[in-house]
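Across the two complexes that follow, chain A remains constant while its partner is chain B and subsequently chain C.
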Partner chain A sequence: MRFFALLKKELRECLPWMATAAAILLLFGSLKLIDSKQRQIGYQYRVFERYSEVGGYELLTRPISDFSIFVFMSAVGLGLALGVRQFWADDFMGTWGFSVHRSTHRTTILAAKICAGLISIVAIGLVWCYLFWRANSSGYFVFPLPERCFIGGWLICGMGLLFYLGATLVGLSKTRWYTTKLMGLGFALWMFITLTQQWTLWWGFGTLVIGTIVLLFLICEAFLNREF
Partner chain B sequence: MTEFVLETQGLTKFYGDKLAVDHIDLKIPRGCICGFVGRNGSGKTTAIKLMLGFLKPTAGSSRLLGCDSQDLTPAIRQRIGYVAEGHRLIRWMTIAEIAKFQSAFFHEQPASTKQGEAGWDSNFFWDMIDYFGLSKKQKIKHLSNGQRAQVSLALTLAPNPELLIMDDPTLGLDAAIRRQFLEGIIELIMRQGRTILFSSHILGDIERVADKIVVIDKGVIRADCSLEQFRTAVKKVRFVFGQTSPETIDIEGLLGSRRSDKELEMILVGTADEKIAEWAKSSGAADYQTINMNLEDQFIEYTAPAGRNKPFTWEEK
Partner chain C sequence: MAKKRNSEYIARLSGAAITLVLLMFVVLIVQIILVQLAWVYTVKKQPLSALPDSPEWRMQKADKLFLPDGTIYLANKVDTQHNDSYAKEEITDVNGLVLWQGIHKDRPSKYLDWASFTQNFNEQQMRDISQLSPGLPGFIEAPVRVSGEFKEVWRYDLEAQAFAGYEAGGRFIGYLGANGFVASKAQAKPFGEFKGFTSWTDEDPSSIVMLWQAKHRIYQIDFLARNVETLFENTQSDIKSVRWHHWRPTYPKDSSDIRYRPLIDCLTSDNNHHLIMREPNQVITMELPEQLQEPNQIFWQWRYNSDFTATDKAIFVQYRDTNFNPPKSQKLMGLYQWEYNSKPQPQSIGLYKVIDDGKLELVNQFDWTKPVVQASQALNPEYKFPKWITNVSPTVFNLLWALYGDSLDKFRTEGTGMMQGYVTIIMGFRPLHSSLNYVLSVMMMAFALWHGWARRTSWDKLILWLIIVGAFNLAGLLTYLALNHTPVIKCPACGKKRGLEMDNCSQCGSPLPIPQRKPTDLIMTN
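For the complex of A and B:
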């Protein structure tokens, strides 16, 4: 009951950002589909499929190079915006007192915030699912997009999660800008670079999971020990 | 045996190397209405945040309802109402939404429940909102400062808290709204066994409702007594001399003095009338009188920084 009340509040606060990011992805993704249909470039993807040994950054991005920039911008942009909205806005507006003095554990308050952030990032993934489905079912491409392309899109959404958690950690940090305050975003950026260097999607997911766990651990530590 | 709902022991807080709160020892018994007063930057908000566990003390500890402030359980927090400075509420919510949000953290109080038991009292909340002339569809961000204060008070009182802590709740409110706000507090006071700690700059408010006063200055507790004791203890006495006033003043409880040509004004704390009369006689004062002061004057004199008693003079450079 208490968790759901908190989650509802957090989701409502995330909603404008989530809707904006989803709308941007949907708009630019749809325009790209139309453009692809006109140019029939889907054929090229099939050619790339033959070179399955190709790895690293290209492996992740090339199959969905047409969409990746939009998925990336929406997911990472949303992640950063949510980190600011959820963890900095309370500082600016002085509402931490109201938010934290609740008859529930601090972990519940944090869990509700993180869950709302996660749901919002997943919403971007769902828009990606829709775009992928449309690309494969409406004859926009000569050949259907490979499965790897679909997973790659989700991996890019996962980068949004990394940046969300990074921004959250920055928001919770009370240190100075020129010391360790930016560590969260720095770590997210480092994980992002590491992720793009992986040779397979599974290694990519592994990196994402490790980065997420480390950031979540640091966030829990920072939130539970933070002064409000 | 007296039960203390709020206790602090040597509560100290440093921000970097700046001392904000210095060894506060405070005990507030159940049923007490305690006015927590101090100048701007005296450490009131920091002390309240320490008591509520929002800040970690550098040294010392505090307990609310028998539980350490750093480990307040959800069950204990449920029994504590807190009105934050500036009445910062969630701006995008309507009054109905914020009431629903707040009520989710309490059990719904059945109509049959006796007054004085914990739980969200929806009827009480909406009665208060009606009384303040607000509508449930109004958004918090569209409310004035005073209206936000009213919503904040209703949200805090509706769960019928055992202990109510308010950080400068009447700051920035006009006289009429302040009165309504205080009436709300008085409503809570009427419920037996409720304890209130509220900080304020407005001494008139403290005088109206408090039965105990705690004065904090530069992070140090300067007075902790009943309001009555404080009113009696702090005195301003004006001595008139035939000649110039004496250079040295040797009287018990002297806090400060101001002198003009043939007059000497003293701020005394806890000095008996007999001692004053004795000093007047021994120093050769032609006459003396105790000047009536209201609580605000007493507070200002009591917390006046050293050197403030000199008159302000403009020196042209």
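For the complex of A and C:
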């Protein structure tokens, strides 16, 4: 019960950030979709000459790169904002004492915070689902978008989770900035680069899971052993 | 409790590992910046020494051209201002008599020309476009038009290793796989692990045709006809390279003095050349005689000394013998190359005719001598600089190089993806002055020992940190300092410095002094 009460409180605090990120994604994503419809993406293939060699890049298409970049920016922006809101703000305002000294174990407090962050990032994923469904069902693209794009979009949302956990770790670290304070964000950045280098969905998913588990481990240790 | 201790250990260990990796990157980035700065401010001011324009060097640099009857001619560039196609050149006989002068692209077509590499899109490029970047993966799509209107598109499905087809309205058509056109993904036989493709249009530009190379097979895919033809299949050996000649149809006006047959030269890992020809259809599998096989292939520039071509009269092989037999190990390559360049080296080029059973008959051979390459010509100044900058690179890179140098080099040249990038970093920034690097490592270990002596909480931990500092040099030392720099005080018992991480003094074992209690203040009201 205490967990759900804490979760509710955390969600209430995350809601403005989550709603802002989701609204920005919905707005710009929809505008880009309308733009795609007007430009009739899918019919814009080059017309080749007779007896010509056709380079591989001339056959390359990136159907939704225009609006998937908004998914990335929303997810990462939201991740960073939530990390700061949940774990830095108490440091700035000196209110950790009020946040932590409750009649429940610290694990419950941390779990509620992380769950609220996760739910907020999933909300961005749901907006992505809506945009993908709209792109595929309303004739915005001439040819249907492949599943790979859909799963790729969720992995991009996962990048937001990595940055959220990285910002969280930075917020919990008591070391100086020029030693290991920024390590959390550095690791998140490294995992993000590694993830963007993967070309199979399984490897991408594996990278995300490994990065998340390592960061969660470090966050748990930092939160449970820290003196507030 | 034990569970808690274990999780604490794991968290500390992973934290230290992450810090070490990140600091290695930081050191590497600083090294790269210094190399680039030095390149900008020092190396570019030094003129690169050009090879001298002596008759011996002209002979060495000349293209050796054969007529089908075996007569040999030499083609030399006259100016170096233009790229290969527009460079002026002259063709002479072997005695130096000039027979033709003009622009390279207008060179008479009576000389034999040879099969060249086909891929205009390779495995690495496919991986690059498929990466899960924020712009989301790209796709290879082959459009098909009828009467100027797009009728359908065929999109390569990376997971299914086949093409999925859609009509312009978005209706699914079916799949094109190794077994041709089928109605569903389940029925489509995968092409196999992708290696590369090249594509073209023929007389009808409404659709493209692809030469698709997989690990064990080569296909020709005609999207308009929805037809897949398997040109070559060998499940026993991997395909190492594919070269082609006149396979793609060209304008009828592009006629040559020699009538070539369309040819694909497919080299497999068992060192067999498979010559796939048309007009008429014919496949010849041949293993070159031992003396004509490429020597131990380490560097790409020493590969592919043999070329193939097929005319309506005969099939020819051209073989260049550079007398360069690289050592078995990449680690000895630098020394071997230096020795090779320091002596005149006999060179030869031979033209052979392939007889129907795959045997070779020598038509003509031309020999000359490659002059000595002076040290100033052999060494590129770019490679002189990074030596000192690598003194702070991790010493463990040298250990990896010593133990797995050849495997790492093979992976660097043939591998793909992020791991290839890491291997390239390890090889590019391994310490080049080993002894100086070892000295620096030992000095850093000594500093860490001095620093950690008073701060130690256990001998095991201190020794582990010394090993890390020794193995990773500057990055190791920075990691050590980042994670172990705790304040020290003077021990009230022994007077020596001691850290505050442990209750007992590391020198004398006495506990930290307990602060004396102050008398209780009572706040009285009224």
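We take it that the second predicted complex is superposed on the first by the 205 of 228 C-alpha atoms of A that agree within 3 Å, B and C clash if a C-alpha of one lies under 4 Å from a C-alpha of the other, contacts with A are read in each partner's own complex, and residues count from 1 in each chain.
One rule holds for everything that comes next: a contact is a pair of C-beta atoms (placed from the backbone, for glycine too) under 8 Å apart; a residue touches a chain by one contact, two chains touch by 3 or more.
These numbers come from a predicted model, not from an experiment.
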Which of chain B and chain C A:13 touches, first, second, both or neither: first
Partner chain(s) touched by A:101 [first = chain B, second = chain C, both, neither]: first
Partner chain(s) touched by A:194 [first = chain B, second = chain C, both, neither]: second
Partner chain in contact with A:227 - chain B first, chain C second, else both or neither: first
Touching partner for A:134 - first (chain B), second (chain C), both, neither: neither
Partner chain in contact with A:156 - chain B first, chain C second, else both or neither: second
Partner, of chain C and chain B, that touches more residues belonging to chain A: C
Residues of chain A contacting chain B in one complex and chain C in the other: 225
Complex contacts: residues of chain A adjacent to chain C: 42-43, 45, 47-57, 59-65, 68-69, 71-73, 139, 141-144, 146, 148-149, 152-153, 155-156, 159, 175, 179-180, 183, 186-187, 190, 194-201, 204, 214, 217-218, 220-221, 225
Residues of chain C touching chain A in the complex: 7-8, 10-12, 14-15, 18-19, 21-22, 25, 120-121, 125-143, 145, 150, 153, 155, 157-159, 164, 166, 168-170, 172, 197-205, 208, 248-251, 417-418, 421, 481-483, 485
Chain A-touching residues of chain B, taken from the complex the two chains share: 49, 52, 54-56, 74-75, 77-78, 80, 82, 84-86, 88-92, 100-101, 104-106
Residue numbers on chain A that touch chain B, as the complex places them: 1-2, 4-5, 8-9, 12-13, 93-98, 100-105, 225, 227-228
